[in-house]
Every structure is written in structure tokens, then in C-alpha cells.
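We just call them A, B, C and D in the order they show up, numbering each chain from 1.
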């Protein structure tokens, strides 16, 4: 169901994002790095990293809160230029209360030889939409 | 020169971003809203808003610090679902010191009738790359 | 009533904070700068600035949402060492929705001659406590 | 030396902060919880938590970068009301580059029986002051 939710996002299809893990307050989003995701120096654009963090932390929260949620916002710090074969955003819920879930996320790249490099760290909030 | 820098970013071309204002510590980025920038409910994906904020605040800083810069990170809070004809990210440098520039950014949509609606607020940092 | 709320915070009394403006989605908090609010170089400690931003943005949100609120969090960027006679935190609600208010805040110092200097910018979220 | 730096901060003395761990990119700050650190409901004021996060992440960065540093800013999300005997802020450097260190911090309380409860999560940046 989470995979179907991701596929129903046209922007996620445009970027080629897929969910490789989902459940128990965690989610991992993967994107194959290709040339049209780059900035001017051949690295993945920061906007792709912030998209990946935003979406991964929303799905991680959704695994606890269900699909009726809104992303409140996030903070992201870039720590290294992103290059490699695949971009991963690994998010994990820190705490899900009644009014918001707080989620942390690591964004990293995987090289052809499997080496991982941390590129950005993020934390954000996701709000349940109360329908009662 | 700033427009050329934007055009040299493949990801910005993929999203159709253009610079409509640049200079004196400010920059405005515009994106025509189209279906493949949406999330699952027909609104612009949060990742597009964070991309626009990230890039607008980097260009605003670049108008003061020059092109040798790195985006340090940003915080973005979403305040309203984004729908309309055009997405605007208006960034303005709060202060540019020797070690970092701090920049604020408003992300808003413009409807067909010209009505603007604020969708997100952001603040971020941009670091000069000292080459001396 | 807002002043009474501030006075009922022992930590705000310890720091000598007072509300000099409150209402219509805005609030200003003032603190007389004294030596025991300093860090090691004679400037106001960053923790005092983040306290002032946190509390000012919470009161600004409270002027719209009422007293049953929780501060969700904030981002603060320091832009200049803080020195002077008085510290001011001026907060203004960007948008108050049903699930959260988003608030921006400027933290500045006032010198003996009345000159203001911006020391930090912040943005944060405040959540209403639904009691229904 | 780090302990001496902390003791030379009048505001840290006012709050009764002490360094219980320091080195290798990590630092832990402790504060005995007392009534004058409270907000109006008997919990530790959010401003104390943001002070603790700010200072712990600065010391963690200082253990790698040395004492000539400036705190750039931080984001903090509150996840639970803070009550107990002691407040702990545990910070760890995510990455220290030439232009900034990115640091994460957990803020938690310890009850009389030793139980820990996470109260806030933060991430921030610290900038080296280049003297060359």
C-alpha cells in the first residue's frame, strides 16, 4: 500500500524513487542517480536530497500514523557532495505522539562497489489529519 | 551569469526552473506548475517546494558572495497545500558574513487570476568556498 | 493574561524576560542584558537567544490560538554576536492553521544609543492542544 | 580545558551546567533540574532544552575543531515534556569538514530511578574561525 502511495505521486515517478523498506516507524527511499538529477558540478542536486529526506520521513511516519498525514516541515544539513550509483534516504520515527511525529533521516549515496557515504542529515515533523 | 548557472543544472532544467529576479542579496525562482510535479492529491510535491527554496536561497547568497559557494542546509515549514499556475521562491539574504550567509525564503503559488498564496517559509545557510 | 503567563514561568523570571508587545499574531519579548547571561567572550549566550526566540514565537502563536498550545520546535541561525543593553525577540505568525501555527522571529539587540542590531533569525511551529 | 571553557560561561554557571563527557566528536552536558528552570506547568522550559542542545553540540564540535569556533545555528524538535532529576544533552559530530561541522544532539531526562526519557532532538552547525 505504501508502494502504491509512492507510485501515485507523479513527482516521485519523475525522479524514479522507490520504497525499499517500510514498516515499524522506518522507511527507506531509493533513487538511481542519473544525469538529470545533477547540479552544475556533476553532483546530485541538493533539491533531490531534500525531496528524498522529505518523502522518506513522511513514509516512516505513515508507517505508524497511517496514510492520513501532512508533512509539517524539515531541517536538512548537507555534509558531503553526493555522487555514486544510488541515493538512499533512511528515515526513522523518533517519537510519534498524538499531535505530531518527529522523524530523523540520513541521506547517503552507494557507489558501484557498495561503499556508502553520508551526504545529508535531516529531521522533520509529520502531522496526523484528525478526521474524528 | 546567474541564469547560465541555473541552466547548467540538469535538475533545474528537468523541473523547468527559471530566475526571474537576481541581485543585491535577493533572488526569485519560478516554476510553471505541471502535473508531474504533483504528489498524490494534486498539489505540488513538498520536494519541489524544498528544491525551490534551496535553490533560490543559494542564488540570493551568490548575488552577494559570488559563485564559489556551497549550500549548508535549510529549514522549511509547509503552511498550505500548493496549487496554481506558477510556483515562486523569493529569497533574501538576512546577513552575509565571512563564514556564512543566512537567507530567508518565501515559497508561494500564483493562481491564474494573479492571486498569491504563501505555501512554505524557509531559512538556510550558504558557505563561501575560500580559495585563498 | 499573557503577561501573567510569562510571570508564571520560573525560568523566564530567572532571565528577567518581559512581554513588551502582544496581540494579533505578534509578540515581543525583552530581556535586559546582564553579565550572567553571557558566554565566555562577553556576548549574550546563544542559549539566551534561542530561549527568547522560542518563547516569543510561542506567545505570538498564543495570541491567535489561545493558551492551550505546545511549542513543536524551532530553527535558529545566529548572524552576529549579541551585545548591548537589551535583547528583543520579535515574533510574528506566518500562518495559523488547525493543526499548527508557523511563526518567524527576529532576535536583536538594542544599544545604549538605541541602535538595533539583528543577532539571530528563527522560525518555529506551535501546536494547538485539542481538548474537544 | 573544555570544563574550564564551560565554567567561563556565566550563563552556564547560572543554569548549573556541567560537562560529563567530552572527546572524539562527542560531548554530554548535564543540568540538575530545579524549580527555576521550569515553565508554567512544572516542566523544564523549552529554552533550557535548546540551551543544552546548543551548548552540547558546540562542545562536541570543539572536541574535533578546537576552541576557535562559532555556533552557526540549530534546529530542535520537542518530543515530550521534560521532568525528572537531571537533564542530559548528548551530542555527536556527524561530519566535520573544513567549513562546518554538523552535529546531532539528543536531549533527555533522567528520573530518580535512573529511567531515561527522550525530550528533544536537535541538529546544528558549528563553524571554525579560520585564523590563517
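One rule holds in what follows: a residue touches a chain if its C-beta (ideal position, glycine included) is under 8 Å from a C-beta of that chain, and two chains touch if they have at least 3 such contacts.
Model, not experiment: these values are computed from the prediction.
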A-B compared against B-D, more contacting pairs: A-B
Same or different contact residues where subunit D meets its copy subunit C, judged by the half mark: same
CA centroid of subunit A to CA centroid of subunit D, Å: 27
Separation of mean Cα positions, subunit B and subunit A [Å, integer]: 20
Where subunit B and subunit D are represented by their mean Cα positions, the distance between them in whole Å: 32
Residue numbers of subunit B (touch at least two other chains): 70, 72-73, 75, 77, 102, 125
Residues of subunit D defined as touching subunit B within the complex: 70, 72-73, 75, 99-100, 102, 125, 127, 129-130
Residues of subunit A that touch subunit D when the two form their complex: 75, 77, 79-80, 94-95, 97, 102, 104, 118, 121-123, 125
Contacting residues of subunit D [partner subunit C, same complex]: 5, 8-15, 35-40, 44-48, 50-52, 54-55, 58, 70-78, 120
